[in-house]
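What follows is chain A paired twice: with chain B in the first complex and chain C in the second.
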Partner chain A sequence: MNKAEKAVIEIKQIDELADGNSYLHHISPLSKLVVTLAYLLFVMSCPKYAFSTVLLFILYPISMYAIADLSLWQALKRMRFILPLIIFVNILNPFFDQQILLQIGGFPLTGGIISFITTILKGILVLWASYLLVATTKMDALCQALRQLHIPKILVSLFLLTYRYLGLMMEEVSRMSEAYYLRAPDQKGIHISAWGSFLGQLLLRSMDRATEIFHAMKLRGYIGEYRLMEKEYPPAYLYFFGWLCMFVLFRLGILAEWIGGIFL
Partner chain B sequence: MIKMEHVNIAYDTNEMVLKDINFSIKEGECIGLIGANGAGKSSLLKAMLGLIPYEGRIYVEDSLVEKKNLASVRKTLGFLFQNADEQMFMPTVYEDMAFGLLNMGLNKDEVEKRIDDVLKELRLDYLKKKYNHKLSIGEKRMAAIATILAMQPKVLLMDEPTSALDPKNRRLYIDMMNGLKMTKIITSHDLDMIYSCCERVIVLGNGKLQADGGKEDILRNKKVLEENHLELPLAFQRL
Partner chain C sequence: MHMADALLSPTVATTMYVASAGIAGLSIHQLQKSEEDKLPIMAVSAALVFAGQMINYTIPGTGSSGHICGGILLSALLGPYAAFLSMISVLLIQCLFFADGGLMALGANIWNMAFYGCFVGYFLIYRPIMKGRVFSSLSERIRLILAVVLGSILTLQLGAFSVVIETTLSGITELPFGLFAGLMQPIHLAIGLVEGLITAAILLFVYETRKELIMDVGPSTTAKLSLKQILSVLVIITFVTGGLFSLYASAKPDGLEWALFGNKDEGYSENMALDEENYGISSSLADNAAKVQESMSFLPDYAFKDNDAALGTSVSGIVGSSIVALVAILFSLGFGFYKKKGAHKAA
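Let's turn to the complex of A and B:
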């Protein structure tokens, strides 16, 4: 199985995960979307040196992953392509910010190191929360929630179609790379001289398949808007208000101070 | 039910795929549309559905296939794609079947009922909650036909329905098609299947309608078939 094929399977597995049966899977998508957006906002707004404040936000993914029967480690593995990017963006922090902010056991911790660790933690938390949302909410339901938030119809349709076509494009990548490797068994990757024609072919083939799918959709009455099955969800006030209150407490640093006070 | 008058289909101005096609199809007929690769079989089906432009006139239940009538034409015609992967674009069979029904404006209960009825009729209940990417080609083909039948079209257009099926699934599929009492147009190179399913056969070749007649007249006519890059069905070759 080649890498592209694995990627296709991973995309499709997310759809399967979203069809689970935990408490979190049955909560209204709108509540989950708002809570996730609030979480992202609160985490990202934490100051760059506020490591202990950011660390508290880990409670949300830890508890929700346990409830949804998901693995934090699996989620990290699936986001392995984004993590190096987060590290790369912050790699220079320890070199530019040399101001010593803390001493731990005689080891000086500079502002750069703390901001580096804090930003990576923020990145991981944001990825975990986003993954939690898509792994517990079907894409159609998520789009329905976006419409409830009055996101324009065209954007929501675009989002959903992109998601559907992404799998399609990866399938084409998988087929083409398989054909390539069968005729170039000694090569580890696709040779640079073939990149141009590979990408060109990929574009043409993906467009052909996308056109066929679009035809299939038009023939079944699609006129530019996804109509979704209305589903009733039980109220999730505790989840919704509970977490929003917790996020405010985390962000204001009240809990961090209180926990810190216990140890000092 | 369907009438073609002087239909021309061209992909660009220099390349005419089909020229001056004329025929009509009565309600309840099952037509086999045969011809070599590139003869224009799929193009003709797509023109009926208004998916590609054409010259001349195509009528579906007295409605001319043109932009303003497309919605009603597409409600009358159900199209089964050659590649079931392109037909089944939602994650599960259930969602795929619901897609068209929701677009028809049906409510949740009606959608559920239609899906259950069709799956039960086709004995495919076990596929309802299955993920499309986990289905075999045979199952996918069966599920694809269910998504179309749920919309209750009056005419079923099928593009190479038995290609890539193993013999057992092919037999199941043919039995299922024969069980559907509706107007059907089937394009295929599988002439044995055409013989099993259709009463009338239309041959396309060299951009023209080469022959139109009863299945016995066409499918036993070696000369007509060979002139159009086809062969006698295997069942007749052994005789």
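Let's turn to the complex of A and C:
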């Protein structure tokens, strides 16, 4: 299976998940978007040594994934793109920062080790939260939320149209790649002699197709404005305010100390 | 080279969002001015760039593979403003559906990839070369290759450098700034070259078959640059020189700096990342030096780890050169006004 084919499957999977029927699928996309952004900001704002504070934030994805019937493990697999950079940037932390912050049973934990683990954990948490958003929200609903946040219409329309043509384009790339590799079995990628013509041909076809789409849109009465179908969603006050309050509590560290105090 | 949420502080992420939103506003404004509606073409091109990233191009003799440089490719096809918006669309889909980058890091990613590719790469490299302002003796075909390759290299260099600055400013990594930049820049020089060559090959193919699809192709115009264009190029050059080259300038500190900061025998440790109260600084000389530096500095709170001398120069370099550029702009505007008035009088 080539890369484009895998990507098509991945997008289709998310699309199917977003079509689900849980509580999270039915609440307002705007509240989900705002809660997600707030979650990301709160997690990002945690200091680099604040492992316990960051760890508390795991409550949100764990509980919401259970409600939305999603797999945390499936989502974690998507770390493959971003994990190398996070590791590359932080791998030397344990060597540069050797200040001992904690002793656990005679084993000294340096600041570098703690900050390394904390950053990786932050990476996992923000990934889970973003995935939760797209896996429970359909694309048109997400665009509706973006419009409610006053993101310019042209940008939202462009996003929606790009998403619409993405699957089509990737399927075409996938077919072309398959055909190419069948004729060049021992090759890993596109040979230098076909660098230009491979995507170039698709580009020419696509430009023609775009013009045709544009004409078709014009004939159907397109006047430079792409209308989104707006749907009414029930308000989700409990979800919205409940989680925002929880994030503040998590971030202040009161909750962690209180829970720790019970056990110590 | 996508930035991750986990590597950014909220301040840096928000700042980059604001900067990118500003450029997006400008692009939308410019697009709305033009009569032509490019929306479907922009969407299809964005989808094409996205799909194009899925293709691996074998680099001869290395066994590894490269990808296309989306910013430059889109700019050459759609022009910088439409290309910038299309790139936003590509980056948003990459971050939402493929976890490539993050939702909060999107502002930084738009800046690092779309802004440099569509504006700096286009206005500073692509257009001057394609319009024949430089290398005018070369054929158009060679100029297209040069423009795309050089544009890609500059885009990738600036993008990688921004990743280093954003991460360091966020205070996440302990990696010294110099080492981080030293690792990132050469890697991205190679990547930029390869991406440039692949993108050039694609555009050359389009040039051979459907020349009219590519921007700025045709008989070289002798039209002069407008004041606005000259100013935007000047501002960009100012930022690049201010930010980049003052770093090199500070690589060799002068005698006084060396005596105060570079002398390990005096008990000064270069590692400033830890608590300054009880770590690193132990000599009175270094203490006094720090106090003097704090009281004199223009941007005292920019605590760059490990390499604060170099970075401090860079930030003040940008501020300093911005002030100089502002004065120069005001002067040139005033001069132009004076000249116009003179011409009016003479008429």
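In this text, the second predicted complex is superposed on the first by the 210 of 264 C-alpha atoms of A that agree within 3 Å, B and C clash if a C-alpha of one lies under 4 Å from a C-alpha of the other, contacts with A are read in each partner's own complex, and residues count from 1 in each chain.
Everything that follows uses one rule, which is that contacts are C-beta pairs under 8 Å (C-beta built on N, C-alpha and C of every residue); 3 or more make two chains touch, one makes a residue touch a chain.
Owing to the predicted nature of the structure, the values given are computational and were not obtained by experimental measurement.
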**Request:** Go through the superposed model and pick first if A:213 touches only chain B, second if only chain C, both, or neither.
**Result:** both
**Message:** Just to be sure I read the superposition right, which of the two partners does A:56 touch: chain B = first, chain C = second, or both, or neither?
**Reply:** neither
**Item:** Which of chain B and chain C A:159 touches, first, second, both or neither
**Value:** second
**Prompt:** In the superposed arrangement, does A:202 touch chain B (first), chain C (second), both or neither?
**Reply:** second
**Request:** Examine A:89 and indicate which partner it touches, taking first as chain B and second as chain C; both and neither are also allowed.
**Result:** second
**Item:** Greater residue coverage of chain A in the superposed arrangement, chain B or chain C
**Value:** C
**Partner chain(s) touched by A:126 [first = chain B, second = chain C, both, neither]** = second
**Request:** Answer with first, second, both or neither: which of chain B and chain C does A:135 touch in the superposed model?
**Result:** neither
**Complete:** After superposition on chain A, the chain A residues reached by both chain B and chain C are 164, 209, 213, 217
**Request:** Quick one: which bits of chain B touch chain A in the complex? Just the residue numbers, please.
**Result:** 46, 49, 51, 71, 74-75, 77-79, 81, 83, 86-87, 89, 91-92, 95, 98-100, 102-104, 108, 111, 131, 133, 147, 151
**Request:** Please give the residue numbers of chain A that touch chain C in the complex, ascending.
**Result:** 2-4, 7, 10-11, 14, 36-37, 40-41, 43-45, 48, 78-79, 81-82, 85-86, 89-90, 92-93, 95-97, 99, 111-112, 115, 119-120, 122-123, 126-127, 130-131, 133-134, 142, 152, 154-155, 157-159, 161-166, 168-170, 172-174, 177, 187-192, 195-204, 206-207, 209-211, 213-214, 217, 224, 226
**Request:** Going by the contact rule at the top, pick out the chain C residues touching chain A in the complex.
**Result:** 1-10, 13, 24-25, 28, 31-32, 37, 39-48, 50-52, 54-58, 60, 63, 65, 68, 77, 85-86, 88-90, 92-93, 95-104, 167, 171-176, 180, 197-198, 201-206, 209-210, 213, 271, 273-275, 279, 306
**Complete:** Within the complex, chain B is touched by chain A residues 12, 15-16, 19, 138-140, 164, 209, 212-213, 215-223, 227-230
